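Residue numbering begins at 1 within each chain, and the chains themselves are lettered A, B, C and D in the order written.
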């Protein structure tokens, strides 16, 4: 979003400290491409970068994230999750204050229409330059689109939790969420489209670099008619 | 959303006054199923019902809606729009405070990443019992799902405008937005799925009845994983 | 296909005798829109029309069809089947000589890569004017496209069986297959797109009229890139 | 297809001579992933392998293919084409005797409903072990499914042309067609799903090895309901 400053005070550099999170597998699957790509990213990123693997559990995931923020004191936080069925890397525009689980999470919880944060605002916009990220990803030959919804499962839960932490406790922190496609090995029988872990991890590196170097997001039409 | 009361004060009855809006055609098309279905609905609804046809124009659409609210003093407002590509009737859960137009509107405007209402909150949740609506639609044999995003074009613009009016000027008003599929005659060459105008208008009647008779929404899982 | 005559000898009229078949439900469902639409069609068709409900069973379905052909001596046979996931009425272009069942049929059979007719040709083209049918359906506001594959389940099995009967025993018979979408009541939770039984049955009537009045198919591009 | 022998006489080995073809770009695009992947494959394949880049032109493509067969005298021919919109590698099961072009080819031809080969049979089944290929691709973590239709554009045209050449002139030749997804760089804006050229070329190598080592195809259910 370019109509509010993405951060209030800090300037960023490639030497800024970065925290990137992925998720453990869920829905009975063996791997989660978000975590696989984060591991790969950490092997190649040259600046200070920390990673955390979040549980796919309502409630527990946010304290795990908060602990990592406390411990690592990052300048930038990017949370990554799996969006089965999508075929592009999709930086998320907005987190909404609702949990509505179509399936149980990894602890068996299945909340329906409860807020992530009681008395929290209805939504938070990302504090990542999502349009600049999409432009840079495309320039590098990586399919990318802005997403208008992170769903209502644990991914949106963590995204909302992160933005609420930024709004209430870490005002100088830049952060947001990005969804990534299935890895090919998850969908060998054609269940859905996929993207290689290598391409996803290169895409995440581009998002980090762009987020660190873009003080105000660019103007690029990438909305949805509905 | 069941975690906040859908309205603050009023009780509703089938004799309550209803305002239903549709849109004029856009994107070079000859008809808009939202308006066709509203016209059909008005022919069969037995209670006091008013209709308005909104221009598909950023900015102008909201004052047109507000004038209708002023003139008709409805208890319930349901705005209807076309969602090309969807195959269910989709009550919208949340309106977000951003215009990001992939194509020009009918006046040639193409805003990118500007707020609907400067200094408005990031989002408003619907004040319709969307889960109860979906349950009743399905019981009647009509495909329906809750949508987590109304997009970033004129539909979301009007939805946000409506909810902002409710929040700031008409606190007792119940209202929200629903997207409907293409009509069959729009997509005879198979461009996308469709639903008959007759089924859409019957669906809208069900939504009105459900919205007038449901003080607190039901708990029904209908979220999205991503 | 316009490069071979659709039939060898006969001329047709609206007084010609027609046989239309649908299928019983399969895959654990309660209804099959193909049969529902055939029943509706029979209520409104003014000429001589016979119907048959075929079992969704490899092997058994073809003798049931052949018996109906023997008993009713039709001039035109149109077999109708459900194609879950499609959103148009799709006259089929070609039947192929293979059974390959992704799920068991209603008798528990699940053949894999066996021919429909041993020593039969690899495929038969339809003997319906599928392009003219599509043009007439679209003119009536009904979404329609030619399909290049009837799959490898019982629908293709019956289609191949019909065309083999025509080729080997009933050379003057005109016939073919058309797939239709889910009915709305089958997919109320949004599993897939749908079309009303009323529209499907009107579409079938158009296909019958067009098939009876079109000696040579029209030239209309409606192929697939892949 | 396992119900006919894939070839009549020859035995194959990894030292057999292989011809692999790709296509030039079409539909206004800058690259064709089929050719890019073939070039990559040729860099890594250890046995005797020849390649040919076919024009995306009805009529001209088949003589180009035939010349390559004459010159290189291959034991195995695999033709590769782009299937925009698919997300798996799809060995094709059957070629049909019809050209029906939705768009003009690269020479401006747009045939509608004319046969590939006058008086040719309606269809030919592939002479590749497509089920074994799919099984091996999946074992290697590469998404793959059998396709029941190669469309009606130049890809099917070449596929039918190849199978007709095998049937009429080169009875010992094993051959068939495989469609591959868009490359990521073709769809950076999210137009459709994609697969990396690296994965496609590894997939083609697996198809060659499997085709050379599988005398009779395996039984694996991979059909389509419709």
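In this text, a residue touches a chain if its C-beta (ideal position, glycine included) is under 8 Å from a C-beta of that chain, and two chains touch if they have at least 3 such contacts.
Just so it is clear, the structure is predicted and the values come from calculations on it, not from any experiment.
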Same vs different contact residues, chain C with chain D, by half of numbers used: same
Most remote chain, CA-based centroid, reference being chain D: B
Chain B and chain C: spacing of chain centres that average the CA atoms, whole Å: 39
Centroid spacing, where centroids are CA-atom means, of chain B and chain D in whole angstrom: 48
Where chain A and chain B are represented by their mean Cα positions, the distance between them in whole Å: 29
Contacts with two or more other chains, residues of chain D listed in rising order: none
Chain-level touch network, classified as line, ring, star, complete or other: ring
Contact footprint of chain C on chain B as seen in their complex: 87-88, 137-138, 141-145, 184-185, 187-190, 192-196, 198-199
Chain B residues within the chain A interface of the complex: 1-3, 27, 81-86, 93-94, 96, 98-103, 110, 112-115, 121-125, 131, 148-153, 155, 179, 217, 219-226
